[in-house]
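Just so it is clear, A, B, C, D, E and F label the chains in written order, and each chain counts residues from 1 on its own.
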């Protein structure tokens, strides 16, 4: 363990502020970003510091994308998907957002003792079906079982490997003033579908999660030769968090047009009912592409040919003279407000 | 979710036998192997079927090794290591066992709400210190927080990427009759160190986990041009499980010599006290190398130059005419017995 | 404080005092809502719902007031402005 | 059944009936062991321990019997074998 | 959504804004009482549509903001007890007491749950007869019928393991306190539409007369707010001080009689301490004698200890509209949503949090406090 | 380890083996009574060192193997009760009852814990006064003092929440049952060294006389076993039938008096059913009247229901040495350690499991049953 003492004195975790890990530290909001900052500082990793969906690595003569995510969703099965499908989509999408062709996945299960084997079987089937749908292979894995009461049915951690077959530097650092923000479809469905089936909040709806692999539209954009500056799938924290991360990492301002953002009426209704802002609600099959304005029309045309991004549209633009690292929203009334990260997860606003 | 129905009718999980997941399904024994068989069948993956420590992949013009493991050890800190060090060692070692130079790691944390931030800080420091020790970089990561009572402090899933810089096909399929089995040092220390600090079984000992990165000795073997047929680190299930896996995957027989296997006296004592067989006790810094007999002396000389494998020795050989897929042990009395997988984890035999 | 959302009663499920309940549709989302405090509410009525409990029946006749008022003040304004076309 | 392991008492920790306890060393591993059933055992003695409880004191004088017996039967055998050297 | 979407019409909003500008001849300071209105104003940027002469100040109508530290501490004490399931609306979990918040209690192993409705807490009590279920009954008059109903349901079901920690406050006394304060700048009010849905607006008529201040009962959508502002400014410009009702689709003059009867059955008017303001007589609700078995404070014997509020925090003045969040020396530095010093930085409706989230970096924020 | 390592000396073992071969003139069938001896024989391959004329058969001395299904079902019923902490030695958790095993109870949420000692269970009871702690008191005479001590400690501490589910069995009645069975092949016994450490070996003298069978009290290390076999074969060859003591370093003729007194204080001899053998009179231990408050079966009112053992399983004959595991039609196919039909496939000391693990694929297994 040589080298440990080098690191001990400068532990950058926010110890004083929160002596214990809170749910909010995983909620996609400001606390989570503080924790990630601390990790990045400790791991002294330039790649982690890029704050992209995955790392872009040169290995030997190839450029690869490498990413990981843990999936702890409850319930395990929800309208439009399940934890297995979610894991594959989340991982494949992060690779696609690096501009890579997703190739291989690893899967690591942490199972809670007592999990019905039939449940595990269904998740594994779904995982494989989604991997086939996304044209990736699961090539390595691991399984651990923890005592009952020390897990929550199934946790999946997945890592993904993809090959970058072009030379575009896709990432926040490539974003330029004048670029436009394309959104691949309507937002908020995944988060609302999950909330609808959560104990304590349950309501009836036909909303299904948008959970889907995004490989095809991204590879088509690349194949069409569209100049892509940044790609980002919308997950925890929603459209707002994704764009705030890009604005912060690029040091520019992003202006969004509220009226251009597609939201299904039922999603909007659920948000009104729960006092949520749909811009912050989770998605699992949506992404933003930031491209030069001149490429917008061609990019949208490509996206609209794919079912998963048929609803693609232009929702905002990157400007130079705004507040550095911020996202502003032009509201439906034509006024402007700043979109900021929440502290933790967005809580239903009831009172 | 196209393609799902193709898979549904043939769910190969052992549903009838065990309707629920048991701890034994993660214990490194036969039940775990049954589960892995089922996964491999579902994922229809040739790489998973190789049953090696990781997948060996050709991506573009390079050959890479890719592996994953979940780490759920309790307690989080134990004599000689902690969950962070364990994660890096486990992952790096699996890459090394593929004959790869470990380069990059991903880390996925599943934290339990209420975890002391200071504990997380110490684990992260140790993780980074071990990564430096093993000359690998942590380049991408993810953090999820689960409700209190739905996790166990810290779970870590790690994936690793390594570059294969030679053309040797290292794996069970390369093992040949006449090969010899080299063991890198004394066995059983990790498992006993953990048991010593487990609630309910606690005893006092100076035994420390052997937890260590094995990259250097493996890369030195490769650099020296030693012909390596198979490498395998000894983890869950110990030396016995590792060799049984190789015997089964290669369809050959491995003969072990009990008297040649180094075991520290305190480890042997702890095993007598608990009624355990040290051949099945977990290690985290030991490996076996299967090499042609003609290479044995040179390989041992290389291994013995490295502190982590200074105790390397020849412990067995591969034979053709034995029972297919089995490991036999020549006991200290000169008799022979078959080493078979346990069903689950080895339980202390008390009565 | 006091987020309240309008929804349409699609079914009355229970008519007992304290537990008078209905299924209420909020633009495609349905939820069971307590109707104790709107004894006059019938299927098809819109109610304002706060923390799972209806606190009023929306007066559909009054619902256009905000637009009528606007029309009136606009008209007033036009009358007052000499440059009205 | 009945795994029992020999260990050496390195300290007596408690002398009350039912809870007579000692620290016992098993080849470098130490564990607290109940000594209620070996009231005669002293520090330095070896005891046979089963499920955390000593069930006998090892008789060191008798411990060599198995080798003596072997020597005796070997000698007997040599006497009986005409080809003994 | 019917009865929502139409009130967000841009063209109508701009027409209202134009009319407001036309009738405004002088600076006026108007307070929207309710945090829900504050939220809508910030979310839709309503203030940007107003002429520079109009200053909006955010009122005390956020229950998260006005619940005193002592009560948060009591909530934390009860939630930490073994066997207790402590239920609350979401935002209350992040309000700092003297030692952490309810989220930290959960992280330390307490069973703290977010519920959508107090009736969900009653259901939990019925499901877990071996546990004590406590609901944190915060809120203004709007929420009082729901909490009364929860107590009555529990009573009817004979539940012995249900209780509420009452922190109910009433709007009119707070408005009077603001009007009486020496630094008062407020010249007109938008009264809280949902409070008035329950209570009606007769109570406001003496206030309007006594303090010569126009009060317009107002809804929560952009057009509601703009119409309410128009009506209020028009009164100010015309020198009137009446109670008018903009929110006629939901509010009747007498309010909701059924709801009021249930409130009166369960609760009585009591003095209550407001965070940042201090104790106001007859400004809250407490359980009546027949229902004191449902009083969590009695049941668990937790004592209210007076607590010094963090000295830097000027929440009291902010909540009364006397100063704006940016006047606070801690704003945005030592006080942030991640580490709030005062409650207004916690709630998504709190003035300081709203300010921090939406306004911190826009140029044009001089006109809103 | 002193008193272990020296008894594993290869050269001495081979010398013993040579002497055994020399004195053996005819086929002999010898049973090692204790599962611990079975384990050592298989682990060290002792049987390979013996001449083909010597057949070792594995005895009933594995508590995991002989505990009847009814008792496993009772254990499962108690362990499934809310509030119970059910403690057991590890191997018992995998023994199948009629509906799953104790591991499945744990997987379904029962609090089932592996302990090292019954005294650990007493400690748990003291630590969790609000829970019921039950210890599964299986074992032969060796374990009886420990279980007696656990009851006496709990009694002394005044613990009301501790009890034991008693499944204690006694060796001599089982040996007699084997000798009386019509198909008996056993001609000599290695008696269980640790049982005799506690009980001495006076009880075996009438058996040796009555059935004209040599009995050698034997230890557990290779040299112990080889010496014990030598002594037994020598008696057989010489036509003697005495009780001899190979394990003199631990066993005295009277056994451990202190331990015996404590057993007698707490337990009395009762009839007991053996898995695969049936009920044997005076073959087990039960709690005496003054300690029946610690009887889990009484405390939890679980009734023993007679259960049909799986028809294919020939465990009874295997346990009595009448047939070998490979004679069982289910062995290795429908009955494996992962899915055992009978108890001998469960315990790592069980004859079927030992056979499955170590012998299944070696050629040379004809001579051991």
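Just so we're on the same page, contacts are C-beta pairs under 8 Å (C-beta built on N, C-alpha and C of every residue); 3 or more make two chains touch, one makes a residue touch a chain.
Just so it is clear, the model here is predicted, and its values are computed rather than measured.
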{"item": "Target subunit E, source subunit A, minimum contact steps", "value": "1"}
{"item": "Taking each chain's C-alpha mean as its centre, the one farthest from subunit A", "value": "D"}
{"item": "Taking each chain's C-alpha mean as its centre, the one farthest from subunit F", "value": "C"}
{"item": "Dominant interface by contact count, named by its two chains", "value": "A-B"}
{"item": "Rounded Å distance between subunit E and subunit F, as computed from the means of their C-alpha atoms", "value": "72"}
{"item": "Length of the line joining the C-alpha centres of subunit B and subunit C, rounded to whole Å", "value": "65"}
{"item": "Centre distance in Å when subunit B and subunit E are each reduced to the mean of their C-alpha atoms", "value": "58"}
{"item": "Multi-partner residues of subunit B (at least 2 other chains)", "value": "20-24, 113-114, 149, 265, 268-269, 272, 349-351"}
{"item": "Two or more partner chains touched - positions in subunit D", "value": "1-3, 5, 26-27, 51"}
{"item": "Shared-contact residues (touching 2 or more other chains) in subunit F", "value": "1, 4, 63, 89, 106-108, 116, 120, 139, 143, 349"}
{"item": "Pairwise chain contacts, counting only pairs that touch as defined", "value": "A-B, A-C, A-E, A-F, B-D, B-E, B-F, C-E, D-F"}
{"item": "For the subunit B and subunit F complex, residues of the former touching the latter", "value": "17, 20-24, 30-31, 34, 200-201, 265, 268-269, 272, 277, 323, 326, 328, 331-338, 340, 342-344, 347-351"}
{"item": "Contacting residues of subunit A [partner subunit F, same complex]", "value": "113-114, 148-149"}
{"item": "Contact footprint of subunit E on subunit C as seen in their complex", "value": "1-6, 8, 18-19, 26-27, 34, 36-39, 46, 48, 50-53, 55-56, 58-60, 62-63, 65-67, 69-70, 73-74, 77"}
{"item": "Touching residues on subunit F, where the partner in the complex is subunit B", "value": "1, 4, 8, 10, 13-14, 39, 42-46, 48-49, 63-64, 89-91, 93-94, 103-104, 106-108, 113-116, 120, 138-139, 143, 222, 337-339, 348-349, 356-362"}
{"item": "Residues of subunit B touching subunit D in the complex", "value": "196, 203-206, 265-266, 268-270, 272-273, 275, 349-351"}
